[in-house]
Amino acid sequence: MTLQRVTKNLAALKKLKTRMQGRDFLLTWERTLDEIKAVGLVAECLKDLHQAGVSARIFDSGLAISIFRDKSTRTRFSFASAADLLGLAVADLDEEKSQIAHGETVRETANMISFLTETIGIRDDMFLGEGNKYMREVGDAVSEGFAQGVLHQRPNIVNLQCDIDHPTQSMADLLKLKDHFGGFDKLKGKKIAMTWAYSPSYGKPLSVPQGIIGLMTRFGIEVSLAHPEGYDLIPEVIEVAKKNASDSRGGFEVVNSMEEAFRDADVVYPKSWAPYKVMERRTELLKRNDRPGLVELEKECLGNNAKFTSWECDSRKMALTKGGKALYLHCLPADITDVSCKQGEVSQDVFEQYRLATYREAGFKPFVIAAMIFMAKFDDPAQALAAIARKGGKRLRY
Amino acid sequence: MTLQRVTKNLAALKKLKTRMQGRDFLLTWERTLDEIKAVGLVAECLKDLHQAGVSARIFDSGLAISIFRDKSTRTRFSFASAADLLGLAVADLDEEKSQIAHGETVRETANMISFLTETIGIRDDMFLGEGNKYMREVGDAVSEGFAQGVLHQRPNIVNLQCDIDHPTQSMADLLKLKDHFGGFDKLKGKKIAMTWAYSPSYGKPLSVPQGIIGLMTRFGIEVSLAHPEGYDLIPEVIEVAKKNASDSRGGFEVVNSMEEAFRDADVVYPKSWAPYKVMERRTELLKRNDRPGLVELEKECLGNNAKFTSWECDSRKMALTKGGKALYLHCLPADITDVSCKQGEVSQDVFEQYRLATYREAGFKPFVIAAMIFMAKFDDPAQALAAIARKGGKRLRY
Amino acid sequence: MTLQRVTKNLAALKKLKTRMQGRDFLLTWERTLDEIKAVGLVAECLKDLHQAGVSARIFDSGLAISIFRDKSTRTRFSFASAADLLGLAVADLDEEKSQIAHGETVRETANMISFLTETIGIRDDMFLGEGNKYMREVGDAVSEGFAQGVLHQRPNIVNLQCDIDHPTQSMADLLKLKDHFGGFDKLKGKKIAMTWAYSPSYGKPLSVPQGIIGLMTRFGIEVSLAHPEGYDLIPEVIEVAKKNASDSRGGFEVVNSMEEAFRDADVVYPKSWAPYKVMERRTELLKRNDRPGLVELEKECLGNNAKFTSWECDSRKMALTKGGKALYLHCLPADITDVSCKQGEVSQDVFEQYRLATYREAGFKPFVIAAMIFMAKFDDPAQALAAIARKGGKRLRY
């Protein structure tokens, strides 16, 4: 079954026009729709091959470097899994101050760690205006190194979450939708509610909702972004979503009611975040290491959040969705009422109903990351993937 | 020579009835005697093949996750070595609060890290009543994930030391005995003295002595457990040892004299531990993070220990053993008098006499872990191992 | 092109007499000139093969252990890259107190981590009189383990920087010179200025300048060591350099003027270090953990350094070199005036002119480390390397 889908996906892949060899994956909206689809199809193929016990090892040796500015378990293991699947060994750069380390230091370090490196995964999501910029600096540095003969190959950069986008997450979510509805072409006209939800913590990054509205609007989906007044996302990404929706003949609206967004939705994505203006203030305070200021800001924000505890995804609100049966998405971990906290983003019964579905959603991520690396390595990725499938080398020998 | 033994062991392995594919190794007494022997034979074969320069790589890719709640060097490297021998890459989960993290968190995390994971090694030995339980929660979580299509394969759990058992250690000790006496069948009737010994530290886990009495009693061995009054092991394990001894027509006794246990012993295993009642109190204090209480308990226990400094394995006591020539075992590191401390578990001269033997004892551990992973992956492990030996791929090519 | 050089280097390699199988690389001056050249040629071949996309994987499995007593990014990634290139998985031993851990502990630990280990890379450069000694203790321990049947193979030790030498750095520097001047035989008669330079930090290790004067004097090079009065290197290494220079018919002088050393130099290597007498005092203070003493010593040393801020490599001094065009070397990171500090080892304009050259210099290091491991594994390394080149397995398959 799975290998039949590989054949079908390979045929679809061949028709797509992509130009990703040697290139980074930093924002979904910098990639063409064909390239987005190609990454998705390659990820799906790699997943199907894995399930069928076929080895997709393409490297005999090589390093995959991870740079995590934030604590991370899921993304860390997704990256490690992806690297290992392709034959790369993970080396973690423990660079505590990557957001400050600009200029000469980044330029030099990026080259020093890359002599035998094939890919660099970076998570830098704490500082608004910094994370994506840092990834570009690293990318520029290895471009120079490769052009000047310092490096034998240019490692590609994979954005494992920045201040603007979270492409490995949104692509995994997209594949979950493709799987659920039966194809990229089935997404047109569907309604997705990307809504803020209450959480007893603050300072959650904006990259997930921004990633969702920036990506889903490419597929003719009706995207309804809902949040309490003041909980705005970065204006630039709102503009991206509007333009995407217009180009794809989908829709994009911003509303201030969870119920309104849920109404007739095919998909709901209730998830907390901090207003971007708060993130800007927080970034300044963090840069100045202003501890009292941070405590004060947290207090103010939690107080503000507390006005919106009703923004919980519960069965009453789920009943408003299309046939009461919308698909629930979450990047995990969710703040579950009475489980992980007293009052959270989602009620216990709703979450439990979709728990395994969210696990399966997360299961796409390692393969999405692997696909991003894969696409950066081959001039003709469809041909390489077909060769892998044809060879059919076993993951577990004997 | 070594390859001849592989042939012999493979023949013996084929006769054993095992059912370990997809299953965890959490307590030796949950496995049949055939399964215990099978793990031992596979470990010995993998060791012999390694010595002969033959690659036992069975995986083309895949992760081996380690979760260490305690600082560990030996077991960490044993697990890393075992994983690498079979072709898996190690990814360490730095989960500081695994003993607390129960319920939803464990269930979710276990799946999130396992999408491309083949095995999970866990050390959780600090909290009485918690470690083994936690391993089972992880096991249940990945069972659910596998059954529900979240995971393509179910990673097997390897107990790298819990509050109850330390099966990779006791199995390594068993293979040392097999090697020393010439076969599993030669162990019958031998006497092993598992005795408490003085150490200037406290809070040492119970899993080593419990593992020894729980395993060695399977082989018709006369097991003499010796400790000062009050230094009891968990009652449930004492019952296991009694039943095993009865079933295997060996023996099991508990005495309060090191000398008595040593008398006519073929093997001695002098090793410090804390009374289980102290471990219970310690667990409660640790859970409450009661620092002054922990200091008070340590003081009380060290004071108590100090009454038993004569419980040292010295040449005078070794002279009591069978022909004065008992084999000395230790899981390392030992507290050696005048070397690692002023007064310890073993005198310098006795330890030096057996030092290299204890190193060789430890040398079985990586292969025991590899065997536990190996057994969990194949329906017919003997056939897979025979194929590896037949192929004879070189570890060092060219 | 690169593969043509491989053929040429292999021919040269065959003519060299080496005896490095199973042996450690701890000091360049313990190895014969043929062995130094052989390591260089193997490193160059591995680099060329990597550039040509040919896999140099020689191990099907095996561990490469790294022990870092100092924070390290570059050397850590160089070691990880080298290990991975050859097919080994890196396992890091986090042994915070390796300088204190002598005797039994080192002996035991070295064996415990080495059952499946092929190489051990150690950086221990903080304590004068300790680092290199510690490496030898580890080497002796695994020698005993191998001889006594504890280990199936003896892992070789690679000195990743000690208190005396930094052979992987000096060998990388040597390959940069070979590349720059066109061959080992072109180095004769060249002048290299290894000079102290001002830095606003103190306590920088002596191993780089000592490594340079200990190695470059083997090739008939005129080595001019320059530093302010009192900034002496270890007397024993000065003697080594003198003897080497005499044997190779090169030259070795010590002067107290940066300008004098730069005059007519073909190569300059301006780099800060602490006087060895300061390092001796520092070692004593560190051993006693005397914090106030360390603060006092730092203050005194920085005050002393501050008298020599004119020891900066600037364009005026570069103009004194041969044709004003000497090659600038640095082990990186350099203290660059107005970039990484207010006043440093090198002016911004000079550094920028040579920046990419220093990156390329660093690019030899992973391959030097790989060559040291490679040489330790084969009785006939030239034959093994020729087999790799002939097979031409692709690093990136498909």
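A, B and C are the chain letters, set down in written order, and residue numbers restart from 1 in every chain.
The working rule: contacts are C-beta pairs under 8 Å (C-beta built on N, C-alpha and C of every residue); 3 or more make two chains touch, one makes a residue touch a chain.
In this text the structure is predicted, and so the values were computed from the model without any measurement.
Copies subunit A and subunit C of the same chain sequence form an interface built mainly from non-equivalent positions, shared numbers / all numbers used being under half. Put simply, subunit A has to spin 120° for its C-alpha atoms to lie on subunit B, with the angle rounded to a multiple of 5.
Subunit C has its Cα centroid 41 Å from the Cα centroid of subunit A. Among the residues of subunit C, those touching two or more other chains are numbered 57, 89. For subunit B in complex with subunit A, the residues that touch the partner chain are 57-63, 65, 89, 91, 93, 95, 103-105, 108-109, 111-113, 115-117, 144-145, 148-152, 377-378, 383-384, 387-388.
Against subunit C, in their complex, subunit B makes its touches with residues 50-51, 55-57, 73-74, 76-78, 80-81, 84-87, 89-90, 332-333, 336, 339-340, 356, 359-360, 362-363, 365-366, 393-398.
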